[in-house]
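Several structures are given next for inspection.
Same chain, two partners: chain A is paired with chain B first, then with chain C.
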Partner chain A sequence: MTTAAVRVRGLTREFTRRRAQPRLALDAVDLTVEEGEVHGLLGPNGAGKTTLCKILSTVLLPTSGTALVNGFDVVRETKQVRQGIGIVFGGERGLYTRLTARQNLMYWSALYQQPTRVAKARVAELLERMGLLERADDAVETFSRGMKQRLHLARGLIGDPRTLLLDEPTVGMDPVAARDFRSLVAELRGEGRSILITTHDMAEAESVCDKVSLIDGGKVIGTESPRTIGGWMSKYERVRAQGVPEEVRAKLRALPGVSEVRVEDDEEVLVSVDAEGAAARVLRTLVDAGVSAVSTSRPSLEEVYLHVIGDRGLAVR
Partner chain B sequence: MIGLFLAAMRFQAQVVRREPDYLMSLVTIPLLTVAFLAIMGNAGRADLAPYAVVGAALMTIWATALFVSGELIDADRWEGTLEGVLAAPAPYQVAYLGRIATVTVISFLGLVESALIAWLVFGVTFPVPHAGLLVLTLACTAFSMVGTASIMAPLFVLARSARIFQNSLSYPFYLLGGTVVPVVLLPEWLRPVSKAIFLSWASDLLRDCLRAEEPVAAPARLGVIVGLGVLGFGIGHLLTRAVFKRVRENGSVGFA
Partner chain C sequence: MRNTARVLRYAFASAMADLRATYTWKSWGLAWLLRMLFQVTLFAFIGKLIGDPRVVEYLVIGNSVFITADVVMLVCASTSWERMSGTLPLLVASPAAPFTVFTGRSAQWLLDGLACSTISLLVLPPFLGVQLPLGTRLAVVPLIAVIAVSVYFFGLVLGGLALRAMAARNLIGRVGSIGLMLLTGVQVPVSFWPTPLESLAQLLPLTHGLGAVRAALGNGSASDVLRGIALEVVVGVGWALVAAFTYWRLTASGRRDGTIEFGG
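So, the complex of A and B:
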């Protein structure tokens, strides 16, 4: 039997707060990331994604429960855990912004106890791979968001980790940068690394993951295939239209699979559906009625969760 | 371990080069050399010139430890790099010691600077009758300064109002450390306090190295300087561990 990259059982983390009720950031979470797998942790803001990543990377202690990374306990075997992981916390922070990309990586490499000669080669290789070689000797503060994030990933890879923890790595990136980033993730998977990637973006979860766990309110609601997530995105799609006459609105309401037809203040009509193929029926009805100002948009994660959790009869929080 | 220490030293040198405002005390405090020398000259005590030079230099060294080394962990906290440091397998204590060592070495330029100013502005030169001992004393002083600064860096993170604390460790310590005014000239009740501070031993011995007569009990005094430095490393080690323990318990923000 191979050891799972991540094995979490009954993991709970409570934050005590001044003059406030303690907050349960993680509530008895069970999660397994198999070796070589890209596992998505999909959840809205405040779901507990970062808290879980911090615990797995040994920088935060759990209140109770256990977590093993590469078979090592994150509380007791920190040294072994740290040797086997790379972490990428999303966002702007976490780099020495006045220093150059190369200087940053050389320091992190020292913190992974690599001899200078090895470090130099490894840093050059990573800079090249992340497409940062040309800007390697520029201060990080002059970098774009996407470049900073690639530098973060290079930093995460400095110790040649078996397991990568990526916490919302594409947050704030432009779409092109995010797409490039995802192909990098696919490459890393090809090298046999195990990856836990958190996101609140369903499309991202669908496109890069082998499995996706849904987290909300500190609880893991379930684990799904990316295809299922993709299905939800079309199943719960939303259609917006302008200049929709009242009789057409009534027609829309009567269509099977239409859950709501809401008229917003600017006379825009927002149609929500909750069945496969319903969005197409809505579009056809609108076009047939001569309505041309029509657009579709993805449902928000919160909406999908409401549907999914509702369908399964689970209570939120 | 040595590799990490050296890499951290190099890293800090790069930080200082990129952020020269770290060296403010090297710019401001030597002005004190001028002030001290002017006063002493006016009072007809040109013989006290070495006191002025040593005093201004030690103030620079102490201030740099306080305001640069003392900030290192806190700065990592604000940059968001602290968690990365904690999540790396290397002993973070060694990394911070390396960084502090660079800051300390640079701060010793204050001594060269003071001596140069004394010479350029006032034409003051002075012989160094005990050059070997002076070099040894400087090395021991640097060692203990690193040890003492390793207390400051975690202390300012752990202490509630770090700023107030920091400022209150500057002027009182210039005094208790006998940087300018030798400790023997302090009120009697202050002297025992001052004996617990390595700086007071260092400044006394440095001044003695510049006097003609043979410094008394030099090896023992060097031993005290080093011993207090070692004590500093020990306390610094424990406090740094306490900082990181707290980070792990509370999450990195929302403490102090």
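So, the complex of A and C:
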């Protein structure tokens, strides 16, 4: 029997503050990340993603419940947990910006108890892999955001961890840097590492994850493959058509299961449905009316997200 | 043990890299060191105004040694940089012990402070009319090194407190530094203070070590010097233990109350 990379059961974390109501950041969360899996944790700001990452990385204690990382308990077996994980979070922080990239990595390799000879080789290998070898001896403060994030990932990998915790790793990155970063994540999956990645970026979750858990208000709403989540929401499929006469639009509006018929700027009609089979009825109506410029689209993960939790007025980027 | 030594070595290496990034030789020599020498000179001139050569000598020795403590107390500020740079959660989540890491991470100030004090003791006394044999002045440098380490652990304790109260981090460091200057026999003898403060001074770093330096540079016996420096070591070990407890508490309470933020 293999050990799951992350196994969380009934995990709850409540924050208490003086003269303030207690805040429930995690509410009986269950989550499993299998070995070698890239698991996305998708939710808006304040959903509890970072709180979960903090508990898994042993910098925060849960109020109740259990969390095992690589089979070790995050409360009682912190030493073993710490030896088996790498942590990467997004943004500018978490690096010694006045030190060079090589100095940063050599320092962290010592903290991860690597012998000097091994550390030197590993640092050189990681710098090369992250495309930072040419700038290895430059101060980190001169790096672009994308370079800093690649250095973050190199730091997270310095201890050769079985499990990586990536907390919003591409936040603030430009699209090209984010795409490169996702390629690196895909490479790491190829090496058999387990990865828990938190994000509120649908495209990111869709492109790099094997499974995605939706989280909101400290609760995991569901865990499935991105494709399956799309399947849940197939009843929200969309139909686009061009050159749709007004009387046909009226017919479409009258169809059962059609929630909205919207005319967009370029005279394209967007039909939203909210019932199984409604999309097929829309298509038939359009074809019968002689409209040929028709396309359908599966709901993106973003739409899944909006439908499952977004109807509570959450902002999605 | 080997791991601890390696962590200390690399933490110290990164501390030295920090120092090199902070100063060039020119900016260190023409700005930082000069500022320290002027500080000693200022207090020596107060002695000259009083008109007693023994007071001048007392102030030159006291302030030359104190600048080691003044520089080393920067450990309080530089420790708090870990939270500002967002590296604190990564340290806590690493397999290394935070106390070991923090002990190495600010050790650049030990060398900086020792260099400032040594230069002050070698250069200033002749200019300020204080007659001290050069050999004796050189001989007290190891004693000042012991003082620097003792003060360093005291500063680490305050740095640990500053990590819990970031808004007050500069205040904590300055109060600690000024407290040492006032109470430990730098400007006035420890016996000048009321008994409770005099007793407090016995627990502070610098007090006994400075006594040993004064004994070595004056007419004190070898046993006075040895007793003073031994007491300084004992006080330093005491503060090291308090520092270790402080960092254990910092991580334990941070894990409990959620004050170790990712990225912050």
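Heads up, the rule we're going with is that the second predicted complex is superposed on the first by the 229 of 317 C-alpha atoms of A that agree within 3 Å, B and C clash if a C-alpha of one lies under 4 Å from a C-alpha of the other, contacts with A are read in each partner's own complex, and residues count from 1 in each chain.
As a working rule, a contact is a pair of C-beta atoms (placed from the backbone, for glycine too) under 8 Å apart; a residue touches a chain by one contact, two chains touch by 3 or more.
Values in this document were obtained by computation on a predicted structure and should not be read as measured data.
Once the two complexes are overlaid through chain A, chain B and chain C clash, as defined at the top of the document.
Of the two partner chains placed by the overlay, only chain C lies in contact with A:C53; chain B stays clear of it. In the superposed model, A:R93 makes contact with both chain B and chain C.
Once chain A of one complex is fitted onto chain A of the other, the partner contacts of A:Q83 extend to both chain B and chain C. Of the two partner chains, chain C is the only one touched by A:D167; chain B is not. With the contact threshold set out at the top, residues 15, 51, 54, 57-61, 79, 82-83, 85, 87, 89, 91, 93-99, 103, 106-113, 115-116, 139, 155, 159 of chain A are in contact with chain B in one structure and with chain C in the other. If you check the complex, the residues on chain A that touch chain C are 13, 15, 50-51, 53-54, 57-61, 79, 82-83, 85, 87, 89-100, 103-104, 106-113, 115-116, 139, 155, 159, 167.
Of all residues in chain A, those touching chain B in their complex are 15, 51, 54, 57-61, 79, 82-83, 85, 87, 89, 91, 93-99, 103, 106-113, 115-116, 119, 139, 155, 159. Those residues of chain C that touch chain A in the shared complex are 3, 6-7, 9-11, 13-14, 17-18, 21-22, 85-87, 89-96, 101, 254-256, 258, 260, 262-264.
If you check the complex, the residues on chain B that touch chain A are 3-4, 7-8, 10-11, 14-15, 18-19, 79-81, 83-90, 92, 95, 247-252.
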